[in-house]
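Shared between the two complexes below is subunit A, which has subunit B as its partner in the first and subunit C in the second.
Showing the complex of A and B:
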């Protein structure tokens, strides 16, 4: 079955990012397909590579990147939410005159249309957040 | 046609579980996870709320979240079924739609 995941909450806030990650991992391990993970609202903060949690804590951003590498996941960050919260890739830095980028490996910034497409193309859309 | 409803907040913090129980249809499945696992405990003020839907809706609780809060499985309300993440995936698979009561 084809799943898509929506994450509306930042990492280390409550538990939504962890739940979304564990669910996605379990679905992939069961042989299901993940069409897309869409990060919206504070969920875009899952996509900054500057995150540096203590060594004995889980690194949620790296967990997503590693899962994406293993299963070729499409991790999409909402552009409008990202601009508000300072998540920047090369294109956004260029467009908005920023002096740095912070997007994590395997994440990309795109629009809300990607969420609509994910909902249409997938058998199930599972939402995690506050 | 069946629905899966997911609830992730404690019923002592928000009224999302109450809304879910009031508006979900007979035949639905309800998964309690994150802080909503407290609703699966026997002897609380919301136990009757869970019991009131036991006849026509199936209630599940996510075991890893329940255990992470130091709760004992012997205190789970009778009829509430414990699932792991793989079971969560199976519930999403088995139901046509997933409604998150965030």
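Showing the complex of A and C:
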């Protein structure tokens, strides 16, 4: 089955990102396909490489990056939600005159059309959040 | 990308207090450009999103409620409201905005696409949807 995943909550505050990660990993290990993971609302905060959890805790951002590397996952952060919450890549830094970037490896910033397209192209859109 | 699916946006949050309602509306506006069959469902505190005469001056937030009244122009064909959620909050259909819809090609028009439905119908509508965006 072809899944797309929507993550609506930030890491650590809420279990949504952990659950989405576990679900996506399990689905891929079972041979299913993941068309796209789309991060929305505070979910965009999963895409900052500046996250530094305590050493004995899981690193949610790195987990996503590593999963993306292993399975060539498309991790998309919503641009409008990202701008509100300070998630920045090279293009956004240049467009908005910011002095730094923080996007994590394998994540990319794009528009809401990517979420709608994912819903159209996938057999199931699975939403993680309250 | 020629596939047409039945999209249902399930709105369960009050319009202010969290950003879910506003960012949900942003997805609805984008979805219109993809020529899908878009419907909205309002349940739980989500019914407050459609209430008339919202005034956000005191909380320093943008009042985005006028946007709901334009959704007919974005090819949203149905806006359903869960009756039980409405009643539990002491509201009736009279407390909600009306949203007009018109097909510019056929000139077919509907005065108000906001429809109060019972729980059984809510379940049917969700079941009939290909994609449920839950906010």
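In this section, the second predicted complex is superposed on the first by the 130 of 130 C-alpha atoms of A that agree within 3 Å, B and C clash if a C-alpha of one lies under 4 Å from a C-alpha of the other, contacts with A are read in each partner's own complex, and residues count from 1 in each chain.
Keep in mind that, in the parts below, a residue touches a chain if its C-beta (ideal position, glycine included) is under 8 Å from a C-beta of that chain, and two chains touch if they have at least 3 such contacts.
Treat the numbers as computed from the prediction; the structure is a model and nothing was measured.
Engineer: In the superposed arrangement, which partner chain does A:22 touch: subunit B (first), subunit C (second), both, or neither?
Structural biologist: A:22 sits against subunit B, while subunit C stays out of touch.
Engineer: In the superposed arrangement, does A:125 touch subunit B (first), subunit C (second), both or neither?
Structural biologist: After superposition on chain A, A:125 lies in contact with both partners, subunit B and subunit C.
Engineer: State whether A:32 touches subunit B only (first), subunit C only (second), both chains, or neither.
Structural biologist: first
Engineer: Figure out whether A:91 sits in contact with subunit B (first) or subunit C (second), or with both, or with neither.
Structural biologist: neither
Engineer: Kindly classify A:53 by the partners it touches after superposition: subunit B alone (first), subunit C alone (second), both, or neither?
Structural biologist: Neither partner.
Engineer: Touching A:112 in the superposition: subunit B (first), subunit C (second), both, neither?
Structural biologist: second
Engineer: Tell me the contact category for A:81 with respect to subunit B and subunit C: first, second, both or neither.
Structural biologist: In the superposition, A:81 touches subunit C alone.
Engineer: Per the definitions at the top, what is the overlap between the subunit A residues touching subunit B and those touching subunit C?
Structural biologist: Overlap of subunit B and subunit C footprints on subunit A: residues 8, 125, 127, 129.
Engineer: Along subunit A, where are the residues that touch subunit B in the complex?
Structural biologist: Touching subunit B: residues 1, 3, 8, 14-16, 19, 22-23, 25-27, 29-30, 32, 124-130 of subunit A.
Engineer: Hey, which residues of subunit B end up touching subunit A in the complex?
Structural biologist: That would be residues 6, 8-9, 33-35, 64-65, 84-86, 88-90, 92-93, 97-98, 100, 102 of subunit B.
Engineer: For subunit A, which residues count as touching subunit C in their complex?
Structural biologist: Interface residues on the subunit A side: 6, 8, 40-41, 80-81, 84, 111-113, 115-117, 119-121, 125, 127, 129.
Engineer: Which of the residues in subunit C end up touching subunit A in this complex?
Structural biologist: 1, 3, 5, 7, 19-20, 23, 26-27, 30-31, 33-34, 36, 131-135
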